[in-house]
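There are structures below to look over.
You will see two complexes here that share chain A, one where it goes with chain B and one where it goes with chain C.
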Partner chain A sequence: MATVWRSQRAFARFFAGKTVRILNNASDLGAKLTPASISVSSTQNYSNYAKSPFVKRIKEQYEFDIVKNPPEWAYVERLMPFESIPNVTPKETYPSGWIPPKEEAKNLPYFIARTRNHQMPIYLDLSMKGTRKISLIRRIEGDIWLLNDLIKEHLQKTQKRYVETRVHELGRFIEVKGDFVTTLRDWAYAQGF
Partner chain B sequence: MTSTLINVFKKLNITAVTQIRLCSSATNVVSEHRDISVIKKDWKFPPQYTKPREVWIENLDTVKENKLGLFELHPLIYATVPRIDLIHRNVEWQKKYRWVSWAHTKTRAEVRGGGRKPWPQKGLGRARHGSIRSPLWRGGGIVHGPRSGKTHFFMLPFHMRIHGLTSTLSAKFAQDDLHVVKDLELPTEESEYLIDLIKERNWGPSVLIVDDTDYAPRNITVATDNLPYVNIMPVYGLNVYSMLKHDTLILTHAAAQKIEERLLNHLHSNTAIQQAKFKLDQV
Partner chain C sequence: MGSRQITEKSLVMLRSLPRLSLANIRDNPGSKKNTKRGRGQHGGDKHGAGNKGSGQRQNYMRLGYETGNNPFYLRMPHEPYYKGHHHRREYPPISLLEIQKLIDTDLIDITQPIDIASIVKSGLYNFFPDKKHFGINLTDEGVDSFAAKINIEVQWASEQVIAAIEKNGGVITTAYYDPHSLFLLKNPKKFFESGQAIPRRMIPPADVIEYYTSAETRGYLADPEKISQERFRLSQKYGYELPNIENDQCYTMLCERKDPRQIFHGLEPGWVVNLKDKCILKPKDDELLQFYAS
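This part shows the complex of A and B:
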C-alpha cells in the first residue's frame, strides 16, 4: 500500500503546479500539440477516463491550401514516366548514329515499319550453339515477295553467291540464311525505312 | 452516286500497289446528295504505310439500315494480318484459366480397409501381398490418378493478348462481321424490333454489342433480356472468345474509338510492367 501511495505522489510531483505537454506519437504528423490542445492539471487524475480532458481541434503546424492545377505541377509531371514512347524530334544529325526513316520510303510498294523504339526490325537469330545463323527481317508491309526478290538480288551482288531466303507471308517476315544483318540494315536504311 | 461508289471501291481496294497509301484523299467520298461526312481522325500514332480503313456508322433507331456517316479505323488495330495461331492461343487461354478440374481418385491409403496382410508371406504357394487395397488388386487404390481441385490457370504473355485482340478485330472486320453504330438508343423495348432489325441487316444468328459504358440504355437492355443470342458488353470486357462465339460484333462509335486508343497506346509504349511475371497480389 505504501508503495502505491508513493508512486502516486511521484506522479503528482512530475506534473506539479502547471499545465504541461503530454508527449504522444501523433506529435510529428504535421500537427503541433500546444498546451491548449491536450493539457492536464495536476489536480486531476489523468488515468480516469471520465475526468480526462476532451481532445480539441488541433492547430495545423504548416499553413496550406489545396489548389487545382498549380503552375508547379509541370515540375512534378517532368518526373513522371512517359505514358508512351515519344516521337523523335527531327534534328540535323544524331550523335548516337541513329538514322531517321525517310518520307519517300512510304511510296514504295513494300515497307519495313520501325519498332516502337524507332529501331530497324532486322535481327540475328543464333541457334544450334551459334552454328545456325538466320537474319530476320520483321514488320514488313506491302508486297513481301517483291521485297524478297530485291533482297536476294542485293545479296547476290554483294556476297557474290546465292543466298537462301524464306518468306513467311502471314507472319510478315523474311528469314535469310546466314549472318547478313549489317548488310541488310544498310540496305534498308538506303531504301529509307 | 455512281462516282461516289466508285470512289469507295477505289479506296477499299488494298491490293493495288498504287492505292496502298491514300490517307489524304478521304474527303473525296463526301456526297452532295446525302449529308454524309467522313470523320477524319487525328491519331496520336498515325498509320505509317497502310491506309486507314473506313467503316459506315449505322443507326439502330430504324429497322431499315441508315448510314449516318463514315468513320476511319486505324489499320494497326482493325486491319492487321490476322494471326490465327494467336487467336487460337487466346481462346485456349480463356478456356483454361477458369477451368478447375474436380476429377478425383483415391490412393491405396484412402481406400477403406487393407491394413491387414491378406495371407502369410510364405508357405501357401500364393503370390506375396501386403494389402488388399494395393493398386494391383481389383478395388484397390489408383496410382497417379487425378486429384481434385487442379487449376489450369496461367497468364498468356501480354503481347499475345494484345495481338489476339487486334487479330480477331481485323478478322471480324475483313469478314464484314464488324459494324459500327452511332449509339444504342432503340425506339421501343420490344424484342421483336431487335429480331427484325437483326434479320433485316443480316447480322448472323448471334450478336455481341459493345459499348464504352457499363450502363446500356434501358430499351436495349430490356429488348435483349430474353434473347440469349444477343449480348451486351462494356469495352473492358471485350475478349477473343466472345468475339468468336458471336457471329456479328457491333461496336458503338465511342467503343470503337476507345478500343483503338487503348490498344494503340499499348503498342506504342513501354510495357515492361505488363510483361512482368504474373503475381497473385498485383491486381
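This part shows the complex of A and C:
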C-alpha cells in the first residue's frame, strides 16, 4: 500500500472527483447518535450481539434553521457564473491598454471583429521549437485583400523591409511571417476595430 | 534449315560471345549438393545475439554498470534540485496587467472584494486543485500601469505587487486554502447543487504557516496592527504616500475579510445553500455549532 501512496499520481488519485462526495473537513455523517441511544452500558454484558437490545431514539437529522430570502443571498448570487459575458461599460480611461471598438470602424470596407471577451483577435503562433514565428490575424471580414495590402504597407513602413503575408480566404485569417503582434494590434486599435 | 546455315549461325554467335576464361567458368547445375539442413530462419544461426558471453546468454549487466569502472552516474556528487518536485505546491500565476484587463472589461467587479472565486468566474483564469495548484500567484507584470482600488485576496504575492496595490489605496491579503476548499471556490454552483454543508477551511501546513502569519506578506493570520505598520513601512520604502483608508467611501468594502475558517465571503461554514428554493439552512444544533466554530 505504501508504494501506491508514494507513486507519482497518488495525490491526484486522492482528490479525483471528490467535489460531490463527502469532504474530509465536513461533519456530514447524516445520522446522529445521542447519549441515550447508546444501548451498551458498562454495567451489563450481553452474551452475544443478537441478545443486546436494539438501538433506539436515533435522531435522523440535525436541526437546521431554514431562512427564506436571507440577507446573505447577495453573497450566493455573487458566486454564480455569468450567464453571458457582460458588455463593457464606457470608462474614462483604460489603464491596461485595452481600447473599446469604435463605431466609425464599421464604415471601412474591411473589418476585424473582437472576440467574445472583447479582445483583439491577433495572436502569435510559435512552432518549430519557437523558431518559426507567425502573427495571426483572425476574424477578418469584408475586403480582406485590401486589408492584407494595407497591413503589408504598414509593416513595410514600420519595419523598413518587405514582410511576407498569407491570406486564408475561407478560414478568414491572415498570417504574417514574423512576430508583429504588438505592431498589428496597435494598428488595429488605431483603425478603430 | 540446312546444316550449313547452323554452322554459320553458330560461328556468328561464337564471335559475339565472350571468350571462356577462369572468370566465367562454373560447375554444372546439380553437381554440388549441401549435406547440412539448418533449422529456423537464416539456417539456424545465432539469432542476431552474437557468439558467447552476456550478449548470447542475454544476461545483461545492470544499467549503468561499467564492468568495474567507477560508473558515470556515481562519478560526480548528487545535487537533488528537483527532489520532491511532484509533491510541491504550485501557484499558477496571473499578472496585475491581466487583473487590470479583467477590471477594464468588467469581468471583475471592484466594488466587491476580489477572491479566487471571482477571478475564476471571469473565465480567463483557471487552475486545477487536483494538480497540486493551491491558488493564485499575483505577479508584477504591469505594476506601473495598475490603477485600481481593490480589496484582493490571493495565495501568493511579491513585495512589488503589494506595494502597487496599496499605492492605489487598495488592500491585499494572502490566504491559504486547502484543496477541498479550492474545489468549492473553483465551481461554487456545482457545490451548492450537491446539497452539502459548506465545510470549514483548513489551517495552512507547517511550511507555510510562517508566510501566512507574517505581516510583510500580508498573511491572513497576521496581526492587523502589524499589518498597518508594514503598510506604512512599505510606502516609505517605495516612496509613495499611503492613502488613508479610514476616510474612504468604500471603507466597509476594503475592510471585508474572510474568517480563517471561512471559504466564501458572507457564507459561514456549516450552512447549506439551497439554490432551487433560494433559502439557506443554518445549523441550530449545539454539536454542529461547536464543530464549525473556529
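In the analysis below, the second predicted complex is superposed on the first by the 114 of 193 C-alpha atoms of A that agree within 3 Å, B and C clash if a C-alpha of one lies under 4 Å from a C-alpha of the other, contacts with A are read in each partner's own complex, and residues count from 1 in each chain.
FYI, a residue touches a chain if its C-beta (ideal position, glycine included) is under 8 Å from a C-beta of that chain, and two chains touch if they have at least 3 such contacts.
Given the structure is predicted, the values throughout are model-derived calculations rather than measurements.
Once chain A of one complex is fitted onto chain A of the other, the partner contacts of A:Pro95 are limited to chain C, with no touch recorded for chain B. When the shared chain is aligned, no partner comes close enough to touch A:Lys129: not chain B, not chain C.
Look at A:His118: by the touch rule set out above, it reaches chain C but stays clear of chain B. When chain B and chain C are set side by side, the one touching more residues of chain A is C.
Of the two partner chains placed by superposition, A:Arg161 touches none, neither chain B nor chain C.
Residue contacts after overlaying the shared chain place A:Gly142 against chain B, while chain C stays out of touching range. Of the two partner chains placed by the overlay, chain B and chain C both lie in contact with A:Phe82. By the document's definition of touching, of the two partners only chain C reaches A:Trp73; chain B does not.
Within chain A, the residues touched by chain B in the first complex and by chain C in the second are 81-82, 85. Chain A contributes residues 8, 11-12, 15-16, 18-20, 22-28, 32, 62-70, 72-76, 78-82, 85-89, 91, 93-98, 117-119 to its touches with chain C in the complex. Contacts from chain B toward chain A in the complex involve residues 17, 20-21, 44-45, 48-50, 81, 83-84, 265, 267-270.
Within the complex formed with chain B, the chain A residues making contact are 81-85, 106-107, 109, 111, 113-114, 116, 141-143, 170-172. Here chain C touches chain A in the complex through residues 86-87, 97, 100-101, 103-107, 109, 112, 117-118, 121, 123-124, 129-132, 142, 145-148, 178-181, 183-184, 187-192, 194, 196-197, 199-202, 264-267, 272-273, 275, 277-285, 287-288, 291-292, going by the rule given at the top.
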